[in-house]
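Notes for the one structure printed next.
As written, the chain order gives the labels A, B and C, with residue 1 at the start of each chain.
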């Protein structure tokens, strides 16, 4: 029961922070409020939507249960109403929100894949898709360079976190909930460390 | 019977105008005729394809019944053959075609979601996805700024039209067909007014 | 039996060459190794994923059987480890790899659509989607002009190859495997000829 509630709250948290990240990015683009709403909602539910289409386990989650859709919409509306700017938005806001949503959604994606009967490799992929999908759609629509294409250990963080999650559950046999918490802390920790200290892996570069 | 025929003709109309819009946009990009065909067809059937993937109500519509696919292809071929340019294309052509397709497809999307058993909130979302999906794919492929990201009440028009459609049917209890006609007229009217008088909502802007 | 093995090997070949093409393109973008891995894998499995979502014939192929996923990952890792550059990559490498993957995946897509009970028109579309989908995602993420939008008979090659494949099977009644080989040779031949001699169809251009 606690497990179920925890999942629900994490889901709402991830949805809300991604929605805010979509709205804040939209603030660069001179869009009208309804356009902002669309970008925020797509960012919040995009990753899980692609995951559910790939798992083909019935309609996507927000068709089965519109809770997340409502959370995303309300968050966008509140952000639109409440964000006033006495001064510039600090530069770390968007990456940090994105990091929280990433960590939560990778964990949820791995869990949902295991629930649908997938093996650990597919589960990690579903975690990565859930985590990065919404942000990729947001960045492609806004014509930003997708975060996953930058060097600051973005894909790295969610692949490592998702792999720890899947491996500790599947190989070591700890509970799925504990494995998820561990994976989420690792994904989030790596991303926050990367943002704080500008960590980078060596880039793979080919002259062309 | 009349209702069914009306839906069919509206569907063909929306498919054709979106296909033309894809071909006209392709005219900017120096593509060869088969590339133009692909862009036109994707624009025409893209939104409904994403909707059907999300509803997961069996294969997507053009796999079940290739009528729309054939309409899209023939429209592209005819447009390629018939469009000759004595002078520049008037600037309003592309937005107006897009507006007609948008209004029709939002209505069809809302209806299909109700048919699949969705509630009104999900139905409005499916309407918006159906209406804007093809144009977004068209614009992302062509590396244009997606219309939905501009300020000229694009998302606004289809959210208001779709909401009126869903609400008059679901709350007021008028027939689905009448609700659809009302919603479509509203979406189209708002878009045409916005194009004609350059209406804009105040943009949401954050300095970053 | 031979037929089954042939399909399997072609599938692995197509997956591997698309994965390499994703990694080589990533080499332009200064990404870290895990980001490169994601781009390579998405390029390799993206087209088939969209096809399977549209056919809605159960979960997508790599969820049912992760072989291709593993092939894509191993290919990316090997490419990352082995590609060293004594000198510039020759310019033809990326288009030629892409051409091989394109020809193979168009053939596989047409076959899978026939297997799922589709008619010839839908089968050709599924072939084109399977062939071009991964490369389009790769190019959109990397913010390159998608190959399919360029004039060098890219869409043309796969539409002609796929049509020959579907028509010789469906109308002339030759075996599906022979039809596939014929279609693949035609797609590949047209693309290689286009790359070698810079063949172009006349572009469709509208002043706007």
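Heads up, the rule we're going with is that contacts are C-beta pairs under 8 Å (C-beta built on N, C-alpha and C of every residue); 3 or more make two chains touch, one makes a residue touch a chain.
Only a predicted model underlies this, so the values are computations on that prediction, with no experimental measurement involved.
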{"item": "Rotation in the CA alignment of chain B with chain C, degrees, nearest 5", "value": "120"}
{"item": "Interface composition of copies chain A and chain C: same or different, split at half", "value": "different"}
{"item": "Centroid distance [mean C-alpha coordinates] between chain C and chain A, Å", "value": "29"}
{"item": "Multi-chain contact sites of chain A, meaning residues that touch two or more partners", "value": "53, 56, 140"}
{"item": "Chain B - residues contacting chain C, complex", "value": "23-24, 26-39, 41, 49, 52-53, 56, 58-60, 62-63, 66, 69-70, 80, 83, 85, 88-89, 91, 140-143"}
{"item": "Partner chain B, residues of chain C touching it in the complex", "value": "53-57, 116, 118-119, 121-122, 125, 128, 132, 136, 140, 145-146, 148-156, 159, 200-208"}
